[in-house]
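Next up: the structures, one after another.
Look for subunit A in each of the two complexes below; its partner is subunit B in the first and subunit C in the second.
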Partner chain A sequence: MIFQAAMRRNAIKIEGERSSSLGLARGRLVLISGFFVLAYMVLAVRAFDLTILQGELSQGGERTNGAEQASVPAPGDILRADIVDRNGVLLATTLETASLYADPRYISNPQVAAEGIVKIFPQLSFGDVLQKLQSDKRFVWIKRGITPDEQYKVLEIGEPGLSFRAEKKRIYPQGNLISHMLGYVDIDGHGQAGIERSFNKYLGYGDPLALSLDVRLQHILHREIEKTVKDFDALGGAGVIMDVTNGEILAGVSLPDFDPHNPGAAKSSAIFNGLTLGVYELGSVFKIFSTAALFETLNVPMSTTFDAREPIKIGRFTISDYHAQDRVLTVPEVFMYSSNIGSAMMGQAVGTDALQGFYRDLGLLDPLDFEIKEVTKPLVPSPWGDVHTLTASYGHGIATTPLQLVSAVSSIVNGGYLVKPTLVRTASEDKGRSDVRVVSEQTAHRMRQLLRLVVTDGTGKKADVPGYHVGGKTGTAEKPGRTKKGYDHSRLLSSFVGVFPVDAPKYAIFIVIDEPKGTKASFGYATAGWTAAPAVSRVISSMVSVLGLAPVDQVASSPDFGSELKQFISVKGRHEG
Partner chain B sequence: MTKIRRRTLSVFIFAAISGAALLHVSQKVRQAEEELSRYESQYDHERESIRVLNAEWAYLNSPERLEDLAQEYLDVRPPSSDQMVPDTSVFPNLQVEEIPSVGQVPLYQNISQTPAEDAPQEVSSDDVTLVPAPGRKPAAPKANFNALLKRIGKAGVP
Partner chain C sequence: MKLFSRTDKSFLGRWWWTVDRGLISAFMVLVVFGIVLITTASPPVARHLGLGEYHFLIRHLIMLVPALGIMFFTSMLEKRQVWRLASLGLIGALLAMIIVLATGMEIKGAQRWIHIFGFSLQPSEFAKPCFVIVAAWLMSLQKTRENFQGNYYAAGLYLFVVTLLLLQPDLGMTFIVTCCWAAQIFLAGFPFRLLLAFGGLGIVGLITAYFSFHHVHSRINRFLDPESGDNFQVEKSLEAFQNGGFLGAGPGQGSVKLHLPDAHADFIFSVAGEELGLVFILVIVLVFGFILLRGYNRLMESDDMFTVLGAGGLLTMFGLQALVHMGSALNLLPAKGMTLPFISYGGSSVLSMGFAMGAVLALTRKQKRSGVSKGGLSHSLKAGRRIGKM
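Up next, the complex of A and B:
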């Protein structure tokens, strides 16, 4: 139109003086029309660009305007962080999976769609799915966390109302191995137990978390506890490997365990973390503490004797010995024969207040302070009478978690510095080591000698590993009766705590077996010396090659670490159990 | 008059050129953005693949699985403390001093599948057991292989 008008004006020729002013007007018109021409050209080019050029691009690329969204992830979009072990082995990670949902308004044929879905997911019921597809909602989950193969099959149904949403699924590549320590998450990725629960917020920020665990040691401990539980037809078991110098937990196992991908399918006994939630009267392993208390408070020599000929009668209690010696015993003898009478007398000598204070210093009377939130209070006699001092000296009438016991033992054998159990690894080497002294260097040394003596000559012979100088203490406790008061002689809790190398301990290994039953191979015994002690021996035997620890040359080495105590032992009998 | 025209014209031309340049640049930017988003999505995809592969790697290398496989297919068992020695100097020095040049080393050597009569003797001539005691009886081809290893190790060229 503009062009035509301009041409018509061009055709009319005006002569004369007014021509110059007309020319000016014409020039202006050309200018304006030129401007419009240009403007329309720009529009045309832009239209061409939008429809042809960008149209092609958007067909070629997958997304048209996703660039900005992809580069800046939304706060909820950060993947829950990985959990790794001390060597960087993956323990937990988050992967993207598709989840199937339906918008019932767009479902064209609920009947057919429901049939197709049930065919792909046999665990879903037809009625349920049909009900969901016919509901009035705009959004219903059908199945979350499906595999790519299943997703492909759902797409084949060709139902427009079925869609997928990318979701994150927590994967535990090690399976059941570390289930109690790691814990698990719910379907929305919130930690519900273990490290997943206590570090829920931290992991949400996306920073990987390194634990103190070593997968290889965890496997060794798991394997040996599992084998022992199976061999002795036990209810369960638990165990820890701890670095005594800083309290780092290198392995922590509680059996039975569960699949962290599907905790809902597990029994409550499997979910139960025996290491941190189980409180047990652990029996004779407590003699480590009462003996240490004796040295620490009274500073008596090794040759001190205790008369173990008569059972102690106090009120309605009678304290007698399992491995009865019927004679006067020295401290090393009380310890290696695991005399209840002797230990009770030690407790008596220490006194109620001092023993209670000593146990408190070791952290045995307060709830465990630990990175995992599933912890419980120890069962402590209240009020604490003198009779409780006697029973607590050999580990009865007081119940603690296995983890507390291992920490307390570590605190004594490492030279007397209190250590706290920890599951999280930090760069600094002396983390977890405190300057709080619980026993003197001398007491620590004497206790290590006593622990060695138990393995060379006492109840824990089966825990020895030639060349590695294992020290330890057995503990066979009867469980409280289910119906009547008192203890059930047939239901045992057999445990062993081992430390090695005993002259300068680095590792403490504790294993407790719940209700083992005697076998032919163990001559009917289900006591700690036959169940937990050999298991600890096997764990140590396997872990030294993993850790690359060279054995001590037995021919060239000086006399055994505990041998100087042998002068205090009068009769050498054969004692297993 | 003509001066103004010329100036106007030049402004027009300039505007047209800069308009075209602007279009060109914006087109380039858009293309670059497309490319970037493509790379980013590719990067996300690759990263997710790496995560999946890492998880798979961790699963395939889990100690329990490796132990089961080793027991099923190999003559090895978990090591124990009695296989540890305090002093590693008891082992013969296995480092080969001289590396023969490529041309001298045969690319392959035929190993007879049937057990050779003299193979076990050849192996047992060495006192130090370097290989951990197998859980099962060693198969004959393995002994043959050990013999071959020894010959290569000692003479360089068989």
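Up next, the complex of A and C:
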């Protein structure tokens, strides 16, 4: 090798030169090493700065990304609290979700990006998305509140101009089930209806709210009303299960309902809460109140009779019976055959002032004082003439919300203590039950006997559940005619209120079906006894198994609760529905 | 585990006991990190490009075989074989670069690639280490051989290589080659004022680049003033580190790889930061730092100018490339696409790094102490250094 030969030849001379230049090189190696040590230390410090100081320690704080704003944690940053049912089942919660937006400046291929987006979100229209992606703005929302799965698919499009912002989304795990009671929130998380609206501030502080609802009962009630509405091709329905001892609402349903995640898509009829906003002339179930008023004000015996042979004519009104018996009826007979004539005569006997006062005491004449704000005034005759006393005795000419009716029934059957409906779970057992007495213990007892009689022998036989002593009252009302003249015979409002166990009621179940149409199975009948009563029966059958209530052996038990009234019933007539 | 006994006089035995096993271990650590990171970073990129999910991973694994083969093979060479191989490699690479310039197709605004066996190779990647070795050889030869103007040859070679690179244009590579050569000049003992003059020329070059290449202009503008324009990649990279935090979002949980088309190559450090967090980033920085310090330290013990210049230049290239990659990802430097040695995907870069580090291993191998005069000399030098250090 030339190199080696040269080295050998000049070995002596170069030796000194080489060692000095090597020495210099070593010194400079140290400098280069030093440079890298410093540079890598800067890297490490910068990495610490980005990951820890700007990352972990500034969650939600200012980011280098100019689009995100610096903010101090405000009440709005607290996640809106959960709503749970009485057993702690989640009814509403808030999740942090991603919302998709586009920065059209970064969109490299709007066509491809829009196609990809529409594929993931079929509800978006291609044209709209394309237009957004080609706009001159720097920020356009594409879809808010998307799932992690959707987010991943969007990322897969690989379009740099598509980005996400973390947003809070209210999630209702039960879907439609409780939509009217819970209500919904707008996109900014402000309650717009139901509990969400009335407890908006409270939930905003982050404290969970426990409702009186029991999701299991809610499901049962929802299912049975839905089935009844479907079977009888009705417009809708509503129902409540109430704890009669304290007014707690265990279930509250209004159909049709809506998806609380997307209330904007629902029809106004679906958003409408029939339980608290709907005022209906509920018909014969009001006979509970007129009969109770009779006992309470006049303290008459059960054997008191009312002549129901002739329809009552007052002015242009004619009051006649649907289940006409054409004879003189005792109080139990009037009640179990649901005689309008008899009830009107009872009202007449009680008198206008007393009846009006009694109804007012039961809360039937004033707007409901309730936790959710979607409530309305009942329609009360004004001025209240004597004729209104007659009609109001059998539930016509006066329209109330279903919730008011259930509360009033509960107040009577629970022994006479006024209850106020509530949706929020009460901490102690006796709370919610007032000391205000609306009827005496004796009247309450007599009313329970009458309610039982309706189920054992009257119009509500289909509501019975063997072993559980169901009592109740049917109500089949004709809806006011569309032309505002009189009533429309073909458009019914069929309802049933049931209580059980009837000797010491705990639960009241009310179901009303809007415009049911008779079916083959019901022999063309769409009256309460064929529609709402069986539904209540099914609700109770399901309820007792969920709640673990044991049946009472009827054969072994003492005579039926309502049987002592049988002495006042003379002839067995036809009394279906 | 004793792979080879101390007294093993076989070829492999001698190799094993003279090569720097610490450096080899560190390289292997980087290779393993690279496989892990490419496994998580590349599937989304591949899917965007309509390729199979594991397209890049499989190619990376395939490329690692020849790359590591080249590294071990080169590390077994004698010094003179190293520079001979480098000379041949340089000639081949320069020829290929000329061919690419003449016929090559343009990818992302530059003519860099040549296609062989379904792989795209970038001849300039191979020219880089070969140039460093050849320049080292030329400059060291001047010191041992009278009347040999090695420095001038090296300068001429440098100008030729840089011209070819600028014609592509490939400014990143130009920058690296320039820095390596500057480091070599520095090590070769050039006076500081000359280096300052070169530095001044470098700055003039940068300013020229700033005004003559549009993308350099805009990139530097964006670095100096982030509001001035499209800083998408850097923004995403910074977000990645912020998301990562201390321990990272978890392997596979990152999203930066879904946004950046070069997540598996030029931004793999960001993927590491997002998925594995600060701890892992620091480990990577430490491993690179270890390799550099260990390598430079090994050069301290060398009494051969060619070794110091060659391995010094190659280590500088290695360290600088890592520095630019990590610095870009952390927004300490203007965004410059550069692979992270042994970690990033990139066939040519992996192969050329294999060769470069093989050369470093070969040059830093402990010398046989056969010649008495040589042994005595290295002995005295070692002693001298120790005194100098104290």
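The rule is simple: the second predicted complex is superposed on the first by the 444 of 577 C-alpha atoms of A that agree within 3 Å, B and C clash if a C-alpha of one lies under 4 Å from a C-alpha of the other, contacts with A are read in each partner's own complex, and residues count from 1 in each chain.
Everything that follows uses one rule, which is that a residue touches a chain if its C-beta (ideal position, glycine included) is under 8 Å from a C-beta of that chain, and two chains touch if they have at least 3 such contacts.
The model shown is predicted, which means the values in this text are computed figures rather than measured ones.
J.: Does subunit B (first) or subunit C (second) touch A:489, or do both, or does neither?
T.: A:489 sits against neither subunit B nor subunit C.
J.: Classify the contacts of A:550 with the two partner chains as first (subunit B alone), second (subunit C alone), both, or neither.
T.: first
J.: On the A-aligned overlay, A:201 touches which partner chain: subunit B = first, subunit C = second, or both, or neither?
T.: In the superposed model, A:201 contacts neither subunit B nor subunit C.
J.: With the two structures laid over each other on chain A, which partner does A:48 touch: subunit B (first), subunit C (second), both, or neither?
T.: After superposing on A, A:48 lies in contact with subunit C but is clear of subunit B.
J.: If you stack the two complexes on chain A, which partner ends up touching A:33: first (subunit B), second (subunit C), both, or neither?
T.: Second partner only.
J.: According to the stated criteria, A:25 is in contact with first (subunit B), second (subunit C), both, or neither; which is it?
T.: second
J.: With the touch criterion stated at the top, can you tell me which subunit A residues are shared between the subunit B interface and the subunit C interface?
T.: 23-24, 31, 42, 54, 63, 66
J.: Hey, which residues of subunit B end up touching subunit A in the complex?
T.: On the subunit B side, the touching residues are 1, 5, 8, 12, 15-16, 19, 23, 27, 30-31, 33-34, 36-38, 40-41, 44, 48, 51-52, 54-59, 61-64, 67, 78-87.
J.: Can you name the residues of subunit C that touch subunit A in the complex?
T.: Within the complex, subunit C touches subunit A at residues 44, 47-48, 80, 141, 143-146, 148, 183, 186-189, 226-227, 230, 232, 235-236, 238-239, 241-246, 255, 258-259, 261, 273, 277-278, 281-282, 285, 288-289, 292-293, 296-297, 299-300, 303, 305, 308-309, 312, 316, 319, 323, 326-327, 330, 332, 377, 381, 384-385, 388.
J.: Spell out the part of subunit A that touches subunit B in their complex, as residue ranges.
T.: By the definition above, subunit A touches subunit B via 23-24, 27, 31, 34, 38, 42, 45, 49, 53-54, 57, 61-63, 66-67, 70-71, 79, 89-91, 93-96, 171, 173-175, 177, 215-216, 218-220, 222-223, 465-468, 540-542, 544-545, 549-553.
J.: What residues on subunit A touch subunit C, complex-wise?
T.: 1-3, 6-7, 10, 14-15, 17-19, 21-26, 28-33, 36-37, 39-40, 42-44, 46-48, 50-52, 54-56, 58, 63-66, 105-106, 155-156, 158, 160
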